[in-house]
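Two complexes follow with chain A in common, the first pairing it with chain B and the second with chain C.
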Partner chain A sequence: MENFVYYKPQTLKECVSLLEEHPDAALLNGGTDLIIQMREGLRIPTDIIDIKNIPDLQGIKVGPDEIFIGGAVTMSQVYDHPELSKLFPYLCDAARSVGSIQIRNRATIAGNLVNASPLADTATPLLCLEAVIHTYGPNGTREIPLNEFFVFVRKTLLEPNEVVTGISFKPDALDKAVFTKLSRRNEVDLSTVCCSVGRKGGEYRIAFGSVAPTPLRLLDVEAYLKDKELTDDVRREAAEIARGTVSPISDVRASKEYRLDMVANILEDALAILQKEG
Partner chain B sequence: MSTEFVGKSVKRVDGVKKVTGSLKYVDDLKMSKMYYTAIKRSPYPHAKILSINLEKAKELKGVKDIITGDLFTKRGGLYLQDKNFLAVGKVRYRGEAVVAVAAITEEIAHKAVSLIEVEYEEMPAVTNAVEGMKPGAPLVHPDLGEYKVAPVFFPVPGTNISNHYRLRKGNVDEAFEKADHVVENKFYIPHIQHTPIENHVAIAQAEIDGTIQIWASCQSPFAVRQAISHDFDIPMNKVRVMSPAVGGGFGSKGGTTLEGILVPLAQRNPGHPIKLTYSREDEFQNAYVRQGLHATIKTGIMNDGNIIAVQNEFIWDGGAYNEYGVNIAKAAGYASSGPYDIENVWTDSYCVYTNHPVGGPYRGFGMGEMHFGIEQNMDILAEKVGISPVEIRRINGMRPGGVTGTGEVVEVAGLQECLEIVAERLKVEEKEAPSAPHKLRGKGIASGWKAPSMPNTAASSAIIKLNEDGTAHLMVSAQDIGQGSDTIMTQIAAEVLSISPDKITIRTGDTDHTPYEWQTVASRITYSAGRATYEAAMDAKNQLIELAQIKLGVYGRDLELKDGFIVAKYHPEKRVSIASLAIGLVFDDGSAVHGPIIGRGAFIPPNIRDADKETGLGDHPVAFWTYGVQGVDLEVDTRTGKVDILRVISCFDVGKVMNPQLLEGQVEGAIMQSLGTALFEELMLKDGKVLNPSFVDYKIPTSEDMPEMEIYFVENPEETGPFGARGVAEPAMVPAAPATANAIFDATGIRMYTMPMTAERIYEALKQKGVSK
Partner chain C sequence: MKQLINFKLNGEEVEHYAPLNRTLLKMLREDFDLTGAKEGCGAGECGACTVIMDGVAVNSCLVLAAELDGREVTTIEGLSMDGKLDPLQVAFVNEAALQCGYCTPGMIMTAKVLLKNNPQPSEDEIKEGISGNLCRCTGYKKIIEAIQSAADKYQAENE
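Here is the complex of A and B:
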């Protein structure tokens, strides 16, 4: 690992000016992706800007119109939050499925999204919740819908000098949802395939990870399912459409063929749970 | 015999230091004037080294020395001298060490490595052992015929075969003619890694008089000394190897590993300790790996379930250097019948050079790999003749008086007792319901056996020094690599001397100060070092009794040691304390005799003889056999192919349970390691490249994966072992993997011929069978 200069700004403003001054700087939030990338030489930042204690990035706000998760909120803060775990168990399940306890005490939801891995575990429930990314940069604040945020593998709409200040979504975005993660080992593993399936009235929202260059919504399947009763045949047909919509690759974790089968099986089973539990 | 400390769950003597983190491992050692090493490694599996340009690296500030292989061309190796610590002339695997840099910081050393330019000419590579055996395959070691080799191994010059082990008992061809059924099955077991929690690390320092001091995380300080002495022509009194603590080995720190890279750097920079710590990526690619195995097993069975012949072909993918791996082919060869009494046995076990990472010792030493085939084969045969998996093992399983594949008559064999206990506890023939409609439940059992895979002369020694206050120091060179040997040795000494374990301090791992031990491998430490410790304690005890009989006027035969005293059995009021005799016996007139009491113990397993070179037959080729059975109850998810292990039952004949708590823990660990190989672990190799050199994509089980485990033992004593004990560390990881495969078959009707049995592989098979869609 190369040497770097370490900064610890106290405000977002200070943070953004540091970013402007140091074009090869990296933001350190949880650090669970950054440190690994630095160790492997994939990123060689000249400066590290530690944002994890900036007051504006802290806290979870549960309001009547909006849930807001601060940019420095960790995975374990999410699933340990009494209201979030009651209202959004599938989001908490996703957060709990990331890494180990030690990692989850450091890793942040914002970092998970900004890292833009195709298999980001917390991306699929947030896509179903139609979450919005809040940013702060030299030109002020922006709000970016999560389903537009991911551009490609490890590429997002975030500008170089911007910071994610938080993630928000509507409290009533979904009536119910199910998170499923398939991995080689149950604990401390990356997703082979991960998925969230949610229902709002007669509409369904379906998002998958590790089946395309970015986590993605399966809009064709959602359109097919709209206002339909979830019979065995409907679920099977939805699974078949899903199989045709995604484009997984083969890698050391699984083959493309297995992932395609798992997309179909997981979706079919998740829909069955929604159907059964109403 | 009633015992006070042996057989009791004495707390680990190293426990507090390990749990609190206060124990200093080699990587914790910081010394003044230390240089740090980094290694330039080969990017090709097989290539000629054309040129090495060190100029830019040498100019880097902080770089102190750089060495290449052509400076030290003498080959070494434990059984077959085929290895240099740095590549000479060509590289034979991707990751082979080519250049070593010493610098004032690790960062500078790594930076220097990136500045070294090596020009290679790629050569055709051997990336499959079966292909590598064929005539015309590229030769990994064209000079094999010139290499020095121990006389019990059989390299085939002009080929990639580094050892061709043969076993020929009876007449298999005739037996196959006679058999009611003949079946042949093929199995493949991939390379895996040991993944000890502590990476390999060593420090070497040269003194002005030429003495080399080495601190290494190693299982076998004396094996390291032997290798360094040989390879660098240094007399043994000028090589000191210390292994202060080892954070897990599982075989990967057996023999010699990275120490030899450091010795020349130390010699060229006297006074500077030279340190090298492997990264986790190094561990996966550049430390020993468990060899791959291609196994073909052909068996002849009669309708009554009696197996009359077996013919095995084992082809071991030994990797680039087979100095240690040749013995895995041998060990598997002489154990190739499995724990069964079979009249006709024919085995060819080949260790084959490939351009893969270097194979070496791994817990089980060939048994885990081989039994994955043997034990599934048993179930296949049982089904063929319509008997149960338990019954076929009852019929063919070893019993006292049975005969092994090499023709040895076995006197002690607890296999049948283990089988009945596991069958009963697992309720193996009772179908139980799965937890959900899309799951299938099944049970399977497997047997296993193993002998210590060591030279006939593998010896141990121990010294016990009594202190003036009646406490003692015990010195052995058995290394506690997590298995608990420090505690077991202490218990043995405590038992014989009748002083409590907390009054004995054990010191290990310093070739200048602790006595000879061949290696901490082969499940031989409780047996062999334990026996030496027993002898040392008996020697000290005899000296005490000799003095006490003078002091007490009681004949030695009527004296015993009790709670720190030598006591007259029939007149317990007559007694003298160990403390008062520790430095000698003092008479009433003030004069004294004898001097300090030092007990000496030595052990070499008795009467182990070489087998016949042509046939492999031998009446006593190993110290003992350890037998056991494990059973697995599991579920398979037909939607994903995932296996959930519900319960594992284990029973081994250990001769004597020395410490119930430690032994149970050791067996549980062994089961988890076995399940890891069964379900997750594979070093994925493509064109000689390891595709998953990290824990991100090489998965071992976590505590969450632990099933309910029931651990049982039977105790048929091993007469040459201390208190009747025999080894179990490795045998205990043998059966769980094939038992898992047999349980998967029981659940699904699919046979898995390859490890690991990943969810994807099982799902694929279920789909082909029409169970999953």
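Here is the complex of A and C:
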């Protein structure tokens, strides 16, 4: 690993001034991606700004109008949270499906989103929850709908000197949802395809990962399903529309054709679960 | 470049000039001669480097030395008290849960936290709990048995 200067800011303001002073700095949160990239020489930051101790980024707040997950909150803090695991089991399932326990004790939800991997596991439940990304930068705070946040593989709307302070969503965003992850091995693997399907009244929200350059909502399928009864035929038709909406590639984990089939199968199964459990 | 850090290592306060571009794993092994934690992959995949940091299991290959300031770390060397092995260590010996031993320190540290949070885990819970620790020798069966037997031992000690 190359040399760098290490900073541990105590406030967001301090953090942003450091970013402005050091254009080649890297933000360190859980470190589970950054340290590997540094080790492999893929990133050679001159300065490391460790943000995980900033008080404003800590904690999970469960309020009547908003759930707020701080920017430094780890995967295991999410699924170990008693209220979150009761109210949003699908989000907790997604957090629990990331890496190993050792990774989940360090990796953060904010980091998972900022890295903008097409297969970010926690992105699909948060897309269905219509989550909002909160940022802080030289020009103050911004709120960006997660739906708009991902631009391309590893590209987001985050500005170079901005920090994600947290992720929020409405407590009643969904009545119910299902998270599905397909991977080569059950534990400690990246998604071949991941998906969340949620229902709110007569509306459905469907998000897939690993089938396009970014995790994405399948709005065509959602429009088709609106106020429909989930009969076998409707589910099958939804699966067909989904297949035509996504654009997966072939890679080491699976072929394009396999992914297309899996998108259809996972969606049909998830809708069946929602139908059965009301 | 070095930076002064203060942290608790195996129960003792230490003050140390940590080389910045180094991971916790390298620092433990090279500066403190604590060679229990091993480097298998250096990339968070194998768990051979697992230590306990502030009460949770982490891959020490994915922690920077500089991050340690103000934190608390326990390594396999800190598990045995006054020359007396921890029940988990005894169980690994008795159940023959190791062959080459490369994965063992990491496996035991992961199991230590697992049993603290879930004193009587089922077989499936143990499997899930140690899924971030790879072992190329034992086939895992004896490791799972050792963890079960240590769980019983802790239970008996607490009664």
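What we mean here is this: the second predicted complex is superposed on the first by the 278 of 278 C-alpha atoms of A that agree within 3 Å, B and C clash if a C-alpha of one lies under 4 Å from a C-alpha of the other, contacts with A are read in each partner's own complex, and residues count from 1 in each chain.
In the analysis below, a residue touches a chain if its C-beta (ideal position, glycine included) is under 8 Å from a C-beta of that chain, and two chains touch if they have at least 3 such contacts.
If you're wondering where the values come from, they're calculated on a predicted model, not measured in any experiment.
Using the contact criterion defined above for the overlaid structures, shared-chain residue A:M262 touches chain B, although it does not reach chain C. Within the superposed three-chain model, A:E130 lies out of touch with both chain B and chain C [touch as defined at top]. Once the two complexes are laid over each other on the shared chain, residue contacts for A:D47 go to neither chain B nor chain C. Once the two complexes are overlaid on the shared chain, A:E203 sits clear of chain B and of chain C alike.
By the touch criterion stated above, A:E237 is placed in contact with neither chain B nor chain C.
In the superposition on chain A, the chain among chain B and chain C reaching more residues of chain A is C.
Of the two partner chains placed by the overlay, only chain B lies in contact with A:L182; chain C stays clear of it.
Looking at the shared chain after the overlay, A:Q102 reaches chain C, while chain B stays out of its contact range.
By the touch criterion defined above, A:D220 lies against neither chain B nor chain C after alignment on the C-alpha atoms of chain A. Once the two complexes are overlaid on chain A, the chain A residues touched by chain B in the first and by chain C in the second are 1, 186-188. Partner chain C is touched in their complex by these residues of chain A: 1-6, 8, 28, 31-32, 35-36, 39, 48, 50, 76, 99-103, 105-106, 186-188. Interface of chain A with chain B (complex): residues 1, 182, 184-190, 252-255, 258, 261-262, 265, 269. Partner chain A is touched in their complex by these residues of chain B: 107, 639-640, 642, 680, 684, 691-692, 696-697, 699, 701-702, 704-705, 758-760, 763-764, 767. Listed in rising order, the residues of chain C touching chain A in the complex are 1, 3, 20-23, 42-45, 47, 50, 56-59, 61-64, 66-67, 69, 110, 113-114, 128-129, 131-133.
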